Amino acid sequence: SVQSCHQDCFCRQKNTNIRLTLPVVCFVWQIAMIILFGVFIRYDEESNTHWVETKAHNNITSDIENDFYFRYPSFQDVHVMIFVGFGFLMTFLKRYSFGAVGFNFLIASFGLQWALLMQGWFHSLDPQTGKIFIGIESLINADFCVAGCLIAYGAVLGKVSPVQLLVMTLFGVTLFAVEEYIILNLLHARDAGGSMVIHTFGGYYGLAISWVLYRPNLHQSKRMQGSVYHSDTFAMIGTLFLWMFWPSFNSAITDHGDGQHRAVINTYLGLASTVLTTVAISSLSQKTGKLDMVHIQNSTLAGGVALGTAAEFMISPYGALIVGFFCGIISTMGYIFISPFLEKTLKIQDTCGIHNLHAMPGVIGGIVGAITAAAASESVYGKQGLINTFDFTGDFKDRTVLTQGGYQAAGMCVSIVFGVVGGAIVGSILKLPIWGDPADENCFDDEVYWEHPSHSGVQQPHDPQASRPVSPFSMLCLTISQKSLVIC
Amino acid sequence: SVQSCHQDCFCRQKNTNIRLTLPVVCFVWQIAMIILFGVFIRYDEESNTHWVETKAHNNITSDIENDFYFRYPSFQDVHVMIFVGFGFLMTFLKRYSFGAVGFNFLIASFGLQWALLMQGWFHSLDPQTGKIFIGIESLINADFCVAGCLIAYGAVLGKVSPVQLLVMTLFGVTLFAVEEYIILNLLHARDAGGSMVIHTFGGYYGLAISWVLYRPNLHQSKRMQGSVYHSDTFAMIGTLFLWMFWPSFNSAITDHGDGQHRAVINTYLGLASTVLTTVAISSLSQKTGKLDMVHIQNSTLAGGVALGTAAEFMISPYGALIVGFFCGIISTMGYIFISPFLEKTLKIQDTCGIHNLHAMPGVIGGIVGAITAAAASESVYGKQGLINTFDFTGDFKDRTVLTQGGYQAAGMCVSIVFGVVGGAIVGSILKLPIWGDPADENCFDDEVYWEHPSHSGVQQPHDPQASRPVSPFSMLCLTISQKSLVIC
Amino acid sequence: SVQSCHQDCFCRQKNTNIRLTLPVVCFVWQIAMIILFGVFIRYDEESNTHWVETKAHNNITSDIENDFYFRYPSFQDVHVMIFVGFGFLMTFLKRYSFGAVGFNFLIASFGLQWALLMQGWFHSLDPQTGKIFIGIESLINADFCVAGCLIAYGAVLGKVSPVQLLVMTLFGVTLFAVEEYIILNLLHARDAGGSMVIHTFGGYYGLAISWVLYRPNLHQSKRMQGSVYHSDTFAMIGTLFLWMFWPSFNSAITDHGDGQHRAVINTYLGLASTVLTTVAISSLSQKTGKLDMVHIQNSTLAGGVALGTAAEFMISPYGALIVGFFCGIISTMGYIFISPFLEKTLKIQDTCGIHNLHAMPGVIGGIVGAITAAAASESVYGKQGLINTFDFTGDFKDRTVLTQGGYQAAGMCVSIVFGVVGGAIVGSILKLPIWGDPADENCFDDEVYWEHPSHSGVQQPHDPQASRPVSPFSMLCLTISQKSLVIC
């Protein structure tokens, strides 16, 4: 066809053949996972057939007290966010839906295995047996860890090869586990929904990588940028599943009881508020008040990001609304003003605008968390409530809320540093000319890494014109009809 | 492009510029929400850090007895129905998918905040503190309340501006909270899944608004009516998520234990039965037995609507099948015979056919509820079961099932009156020429309120024809290719 | 239009008018369901208003101990897999999305009613009352039973009429209930996620039917085979919901407590592993390492199928990874090598490649189950854990794990025999020339059974060319523009 001819003639400046590298990476890494799982990973006591003895030992009378039943619904919501939410949110480009949803699928599937190991080594390695015992909460945490890398994918969407994405995920998960350990365990900061640990880290990690991989001639693939009508509709599937299940995300690993309950209420309200201000700013930004799908698809989610830290705190319902209110404004303005600035001045090309959806709202979330922690009081929380919410037990039983606020702020700085420095280093690795990334003209084009549907052996036997060269005249028709297709 | 030229020349009869009104309404109303939430809304005892004391006081031994765990999975299913279900069900129009899913998103996000306040004032205002205490059940009820307004949106889809939709939602939620209070609290009618409170009210509310906003020249936008292949496929996403999660809708706020269990079984069965009769009537209605996607997308859901009242009753499994059986027939016949009649004779233009999917089945559901309540007996329910199911306690402890049946019927009349009268009044408000609604020629067209993907700065630098005027000859090609696109 | 003209001229070799048969089958069968439900089906004790007495009798203190709360989230996930998962997975064909998702909807809705009866008669008919008592677990089992028939639909997708599909489902559910009774009750094999009972049976049932219905001239509809860009994206919705919720599928009816917990972990890990090896083999199979959407859509799920039997066993996390590893390889190679072989040599036309996704991985799952059962030991499971996992109670309390392994293997043979023999017989019934199946030229075309969107009364009044005959010249343009549409 004309398109593939065009491709053969002009676009083979770079070798995008990944027939060697991709299978080798997939096979070797998967075999490594199997070996490491064999050495380290075991069922925890609630997912082990020996639970019948554990129950007797702990005076648990019923199988329905297994923690499985109180985490699994949230886990499945998070799981949907990771695979359908992130995957479909990125399908908005007119010809990169396969890459969006398919590579998201690939790197999440690898990342969650590696996350179980990395998080296990840092958080739950049993010193006696040298084993990592996993249960439903480990699966949620692995999905969370993967989220950081999928956020980073948003910045480089369409400009990297699947092999680069796998490398990015390998290092991203590793960095994530370390910064998470520092922030949650050493600093003892609270971050249930990961404003800092997931969104701030993931956002700056992706932006730093994109900065290193800057492509000055990316305008050569401008024809492939932007969306078409149905690709925007597909992206709304991702947006909505992220939006609806975000209360589950922010509450999935908070304390049972009032903690989870409150995190859901806060996130639900914050997100609702964000939608209205996003619509308002989007409408204000256009001559006749028309809305921009980019804003609706992305900025409506900023409130959920910004409540990632404080959702479990007693910020009260109107507090959640206020956070959502400002995040909708800031995130949408980010798409209008900051993204162009980042690209022109700082040379950061951010395909999905993760700076506006994750990095900035994540930082806001960290600040909100630090302030609300520092402002927490026994009169609002109750004596025991304060201890429970901030886990002022063990080594931290004498910590004051003011100190806690300071450590929250410190946690945010750690996540930014890990994102920026880690991303810059990983970006340099990804700049090596061995990963099969596409040429500037071929960015945002699924044809580079995917068999095209129309090539897959389907002949149209009743159409004698099909295999003949097209005349200049019919080329004109084709050009026009393609134009109309773009409108479509 | 040709389309926008066409628009510039002919279609600017009405001012659809909402750059002032939409942001102002969004900002002012959201700020009002924040203030009212600050004054009135607080966490309830199960989502408050003081729950640790409440537990001790009530001899609750475990965090897992928090009601959160027994409502949250149903809540999330309902949440998906509101945003993905209703949103995508309305994407069937060939060029109104953005408006369908985007405006649905906007009005639901506003409506749920306003519903928490309105329902709180009417149902759960604490007389001592003057506060409304919210928990997971409040969130479900807010989503329910919003559903009534989204149903009404279906009648006016494509013919109103987002500002009108917000106004419609403001009044819709208000009316809803009042009629709900009358029906559930004063009349003490049972309506777990809202056949009356949600579907009958929402249906007639939307139809009355559409009747007031009648457009005699709507045929001028006939080119935009109807669907294309992929828009119909998108709509099936909405249909299926509504259909699958309807058991959660009808059971989300019923009594714990056997009540929720039974509501799920009845709804599951009723919906399955509806699918078969919908297919049968749809096939009968066409010359060669072909099926019509409009019927499959909508009428298959009628059984769930009609079981909204009786789902928690002991109507027995075959009773649920019978209700579904007739609703599939009636709803599909509604699309074939009643909708054209409503439009021609009663001047009601009902874009999505909500009369067939919500209003009629809702009334049937109310009648089924009244009859089955009146026919309830101690031999079937058991003495305590009867009291539990109909909540014959407190002021109502001497009510008989016959009386209950009468009050159920009275409740249905209240919902119809509130829908028709309320809708007529709100429709008159929406008729004011200040809301930026589209001209008749521009109805069902996303271009009026949405930036079009192909306009968003994407140039095709390698295509010299792109910016030149098209010749009459290539116009012909374009016309034909567009025709083929419609086929597509 | 040109297409319908084409259809009128060439394609009416077969009578595809189902205006009589389809409504008659739907009505008669649905009425039969109502009657049979009236005679046989009742609420079980947990969904009955008498539960208040049952509770008192059994010293159950709280409504939240109703099994509803511990099965319902899994049920809803399975429900989504049945209707959205299977439905959308089959939308990949360029012009059979309506049939894929619509007929899937129809046959699942019928099948689940018939399954409640058939499974009830075989598994839970109360000998005293002659009734079948249903609860949430019955609904899950009915959905499972339907899954077998939807798998079979995948083999004949696009080549049969909806009436044939209903007949196929009627017999499929019947055969399923019998083989399930033999495997689970008589042989006492374990098969929580149905590797044998669902996937092996469903796979071979569909393949045998497709073999009997072999169409030597199917190449005449080759223009309708293959996908277009957006139909492939739609199919990914199905893939992802199947993939994400498969842990719920394999754990939905396992034992409460550690059993469900472990089944989720194993399935989650196995599926992740499958994705990497599927990508590896898919990339290896193409000249420049490009990925094939067919593999990503299907083979990524093979690990879940293969863990259907062993998911609840102590196969340990790395064991699950190993099973997923090999299934990704085998399933993808099946699409590359075995499917063409089956079609050319064995004359089995398998539209969706169910041999690679269900039949083969199902058999692998059966073998894995037999081996891991035979290798189970008290040292790994614990004495009581072994008894619980394999249900060595009652008549089977003296069974050894070795014997159990043998019975597992026997169960797999039973499922294959039922699939092949049952499919061959049902296929012969479906070969009768009375079911309205499409001619070879019309296969894979929604126009045969669905009203086409562009025909539904939409005129374009501003387009004078619309109703005139097209000239040979514009035919050329049309041909070209259609070609470009296929690219689209």
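Just so it is clear, A, B and C label the chains in written order, and each chain counts residues from 1 on its own.
Convention: contacts are C-beta pairs under 8 Å (C-beta built on N, C-alpha and C of every residue); 3 or more make two chains touch, one makes a residue touch a chain.
What you are looking at is a predicted structure, and each value in this text was computed from that prediction instead of being measured.
Participant: When the Cα trace of chain B is superposed on that of chain C, what is the rotation angle, expressed as a multiple of 5 degrees?
Facilitator: It is a rotation of 120 degrees, to the nearest 5.
Participant: Please decide if copies chain A and chain B contact each other with the same set of residue positions, more than half shared, or with different positions, and reply same or different.
Facilitator: Mostly different residues: under half of the interface numbers shared.
Participant: If you average the Cα atoms of chain A and of chain B to get two centres, how far apart are those centres in Å?
Facilitator: Comparing mean C-alpha positions, chain B is 31 Å from chain A.
Participant: Name the residues of chain A that each touch 2 or more other chains.
Facilitator: Answer for chain A, listing residues that touch two or more other chains: 69, 73, 230, 237, 477, 481, 484-485, 488.
Participant: Residues of chain B touching chain A in their complex?
Facilitator: 1, 3, 16-23, 26-27, 29-31, 33-35, 37-38, 41-43, 46-53, 55, 62-64, 66, 68-69, 72-73, 76, 79-80, 83-84, 87-88, 91, 95, 97-98, 101-102, 105-106, 109-110, 112-113, 134-136, 139, 162, 230, 234, 237, 436, 448-454, 456-463, 465-466, 470, 474, 477-478, 481-482, 484-485, 488
Participant: For the complex, give me every residue of chain C touching chain A.
Facilitator: So the residues of chain C in touch with chain A come to 65, 69-70, 73-74, 77, 94, 219-220, 222-223, 225-233, 236-237, 240-241, 243-245, 248, 255-258, 260-262, 264-265, 268-269, 271-273, 275-277, 279-281, 283-284, 286-294, 296, 300, 314, 316-318, 321-322, 325, 380-382, 384-386, 388-389, 476-477, 479-481, 483-488.
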